[in-house]
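What follows is a pair of complexes built around subunit A, which joins subunit B in one and subunit C in the other.
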Partner chain A sequence: MVSTVAQKRLFHEYKNLSTNPPEGITAGPVSEDDMFYWEALIQGPEETPFEGGVFAAELKFPRDYPLSPPTMKFIGGGIWHPNVYPNGTVCISILHPPGDDPNHYEHASERWSPIQSVEKILISVMSMLAEPNDESPANVEAAKMWRERRPEYEAKVRDEVKKGLGL
Partner chain B sequence: MTDDEPSLNIPSLLTLAVVSYFVLRWFLNRDDNSAAGGRGRGRGNVVDPASVAQIAQMFPQMNTRDIMWDLQRNGGSVPATTERILTGRGLETPPPSFQPQVPIAPTTIPVAQTASAASVSKADGQDLISRYNLSAKASSPSTEDEPETPSKTAWSQNKDERQRLLQKRRDDMILAARRKMMQKDQGNTQ
Partner chain C sequence: MDTPSDISDPTQWLETPLSLLAPLESALRCQVCKEFFNNPVITSCCHTFCSICIRRCLSAEGKCPACRAPDQELKLRRNWAVQELVDAFQTARPSVLDFSTKAAQQAQVEEREQPVNKKRKVAPVEDMQTSEPRPERRRTRSQGHYPQPEQHAAIDTVPEVIEDSQDEDEYIPEHGLVACPICNRKMKEEAVFSHLNVHEESPKKAPPNSSFGPLRAPQKGLVLSGKPPERIPAINYSILKENALRKKLSDLGIPNWGPKQLLHKRHTEWMNLWNANCDSKIPKSKRELLQELDIWERTQGGLATGPSPFVSSSNVMRKDFDAKEWSSSHDDDFKRLIANARKKAGAKIAPATETAPTPPEPLVNSSLAEPNIDTDADHVIDLSG
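Right after this comes the complex of A and B.
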């Protein structure tokens, strides 16, 4: 019964994202047989080193979605970014459940709640690409580079962008 | 004495009606409750404090007592209560007789996945072209005149058709980005 609520909700979100997709975002289940596993493509925001790139990520939804948030992980090369773990997992406040704030710097309103959506997550991730959050580095190396050697960071990101497109 | 009979009968009939009304109501209520409580949460004011806390955290504006009342009536189903709040129906105010037994413990829900993903499972160093099998399309002469805007709305009543549309949008997005990047590179070298 729990999973029907989740499935219905996910299907509804899938439909909305398909009929009215936000700029630079494509997302949906890999196969409708499993509504709990999605793949999304996000365009790199303009006027950032990610510009021109397309990034693929997988979204895994829990059975009690939308009570709990999905997890999101970049695939196919990962992403060089302070808030993305080296294995591609995205660390951003909207993906954290409301009760879970070990560091006490996130406001409850920024975190996951059932009134959020896949679309909001993807848009948040897009703006995260443009503006890394220095407070909670998931990739310490990338965070350090971003802070101290910005040109090197940007060059590395541009390089990854090209690699991701097979160039 | 025949005069006394009616005066005795009417009150007793009334009493009988009132009593049977309450008995019936009790009976129906009991049935409702036990049907709803089919998930193992028996009758009585037993509501899982964790569920209450979970909902209260999501909707801080909601009255805890209302949440408990709704949970108790739907058999302790968090999704059902959440659904109800989200659809804007709101929660009913419980009758004054409703005395929840559980103290509102400030339980924080134990959440397992606190970025446990730090475990280094090396990201597969695969680019999008090979991942989505686009090498054939990517290497084909770049059709310059192809419209860059992806097909507008992509929704169909047919499941397979939907799948195909999604895949097409995905492929188009990657290929368009690749074409653009190549053009930019050529522009830089010239």
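Right after this comes the complex of A and C.
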């Protein structure tokens, strides 16, 4: 059932994503009975250690969406990345509402606004995979490794991609 | 309640010969709610939104969602031109869509009758590209968390085929010309829409109510003659005591139960509903507005299911976030988490440079009983940021 502003808006986004998806991305509600819980698949960007991987994530939308942003979390065995918490939760500026910036590093223009969309979030996450943001590590170990021992970081990521594919 | 199939969407044009109407329709929709503009208003920074949408945004952030320029609801002005465009388009939409859908179906039937089709012979490679990825997209979730390493493997397993996918190469052939669905004359795709007017008389496909909006006399005069309802002024909630606010709500004739934070949110929602209604050509009755407030109450207000949904996840980061109330209502959670954290002390140390606190999942929406509920240790990290 689709009745509230949030549900209708999510329906339109779903419709648009399923007819016209950006390359390497699929997303939609797990069940049309609950528009507030989505699953997304993101392909690892080419020419990065994530290449060849396909990463599943869940998106949870608040009831006042699109005023507030959704949360996004990788599922099925996490992902080794400076901006992804060990539990899979993605930490990226577009998922943070504007207003006070608790970290004092993000520009308001990069953060959530009601005219952003699931599509833009997923594209941002894809480019985050390619280019981690070193300023705000969610996974400090991964950030340190990325900064100081790049080859080791890349090897670890490739290894996890392979494991994720069951190879 | 609408079922998803009742909702009109710009993508409906994509499967018809009039696919160029999709961007036109998108432009006539609000970027916040994605519906057709409803009582459109223009901001100081010249962006147009539904009156209710921009009012809700401004009460939450005080900024234009498009360019983030600060703005105030007092500065919003009605955008009649956009309202008329939307009205005219919406009047024409059902008949044009119907016409165009039938044309697409007819073209498909003809194609089946003539299996040897020049266009398809010329561009077999394009066929593969345009038709194959579609079922793959539809597949999407619910097929488990383990994605296929190769796209093509996935495609084979999916029997679902979108009927209209064959039409896409039908109306965008290489020479750039398409056939009129009625007389089969070849013309540029953009010209089809105006050309269809030539056939307008003969086939009685259009429903009887298909009049052309712009040609009708505008209804404005009628409606503006009445005395406009008075707008509700904004309140500075921080200087108002809870009881004073409660009285204000009962003076307005809306429910006045619940804690102060809920009163504040309910007043804001009512003010936005009311003031947006003042922007309407045909204002709704107070009873209708009260029903809308009731929907809000049940989905986002005090009657919403789940633990305190009006303390939605991201409120933690808002300026007006009531930290005291949050900590008192979640005191037990915090204590439990701290106890757990102590047990695991040393195992995981929350980083000092921690970024934005991601809210603990169970508080966001417990109705979505998830198999992937985090361990407590994860919450500790989130909360400490």
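Everything below uses one rule, namely that the second predicted complex is superposed on the first by the 163 of 167 C-alpha atoms of A that agree within 3 Å, B and C clash if a C-alpha of one lies under 4 Å from a C-alpha of the other, contacts with A are read in each partner's own complex, and residues count from 1 in each chain.
FYI, a contact is a pair of C-beta atoms (placed from the backbone, for glycine too) under 8 Å apart; a residue touches a chain by one contact, two chains touch by 3 or more.
Predicted model, so just to flag it, every value in this text is computed and none were measured.
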item	value
Partners on subunit A (subunit B, subunit C) - clash or fit	clash
Partner chain in contact with A:71 - subunit B first, subunit C second, else both or neither	both
Partner chain in contact with A:163 - subunit B first, subunit C second, else both or neither	first
First, second, both or neither for A:63, with subunit B first and subunit C second	second
Which of subunit B and subunit C A:140 touches, first, second, both or neither	second
Residue contacts on subunit A - larger count, subunit B or subunit C	C
First (subunit B), second (subunit C), both or neither touched by A:18	both
Touching partner for A:113 - first (subunit B), second (subunit C), both, neither	both
Subunit B versus subunit C as contact partner of A:37, first or second or both or neither	second
First (subunit B), second (subunit C), both or neither touched by A:52	both
Part of subunit C, among the options 183-191, 201-209, 273-281 or 327-335, whose backbone runs into subunit B after overlay	273-281
Intersection of the subunit A residues that touch subunit B with those that touch subunit C	1-2, 5, 15, 18-21, 26, 28, 31-32, 39, 41, 52, 54, 56, 64, 66-67, 71, 73, 75-76, 85-87, 89, 91, 97-100, 102, 108, 113-115, 138, 165-166
In the complex, subunit A residues that touch subunit C	1-6, 8-9, 11-13, 15-16, 18-21, 26-32, 34, 36-41, 52, 54-56, 58, 60, 62-64, 66-69, 71, 73, 75-76, 85-87, 89, 91, 95-100, 102-103, 108-109, 112-115, 136-138, 140, 165-166
Residues of subunit A touching subunit B in the complex	1-2, 5, 15, 18-21, 26, 28, 31-32, 39, 41, 43, 52-54, 56, 64, 66-67, 71, 73-78, 85-89, 91, 97-100, 102, 108, 113-115, 138, 161-167
Subunit C residues touching subunit A - in the complex, by the definition given at the top	1-4, 7, 9-11, 14, 31-35, 53, 56-57, 60-61, 63, 65-66, 68, 137-142, 145-149, 295, 299-300, 304, 309, 312-315, 317-319, 348, 351, 353-359, 361, 364-365, 368, 370, 372, 374-375, 378, 381-382, 385
Touch list for subunit B against partner subunit A, complex	53-54, 57-58, 60, 77-79, 82-83, 86, 108-109, 111, 113-115, 117-131, 134-135, 138, 153-155, 159, 162-163, 165-166, 169-170, 173-174, 177-178, 180-182, 184-185
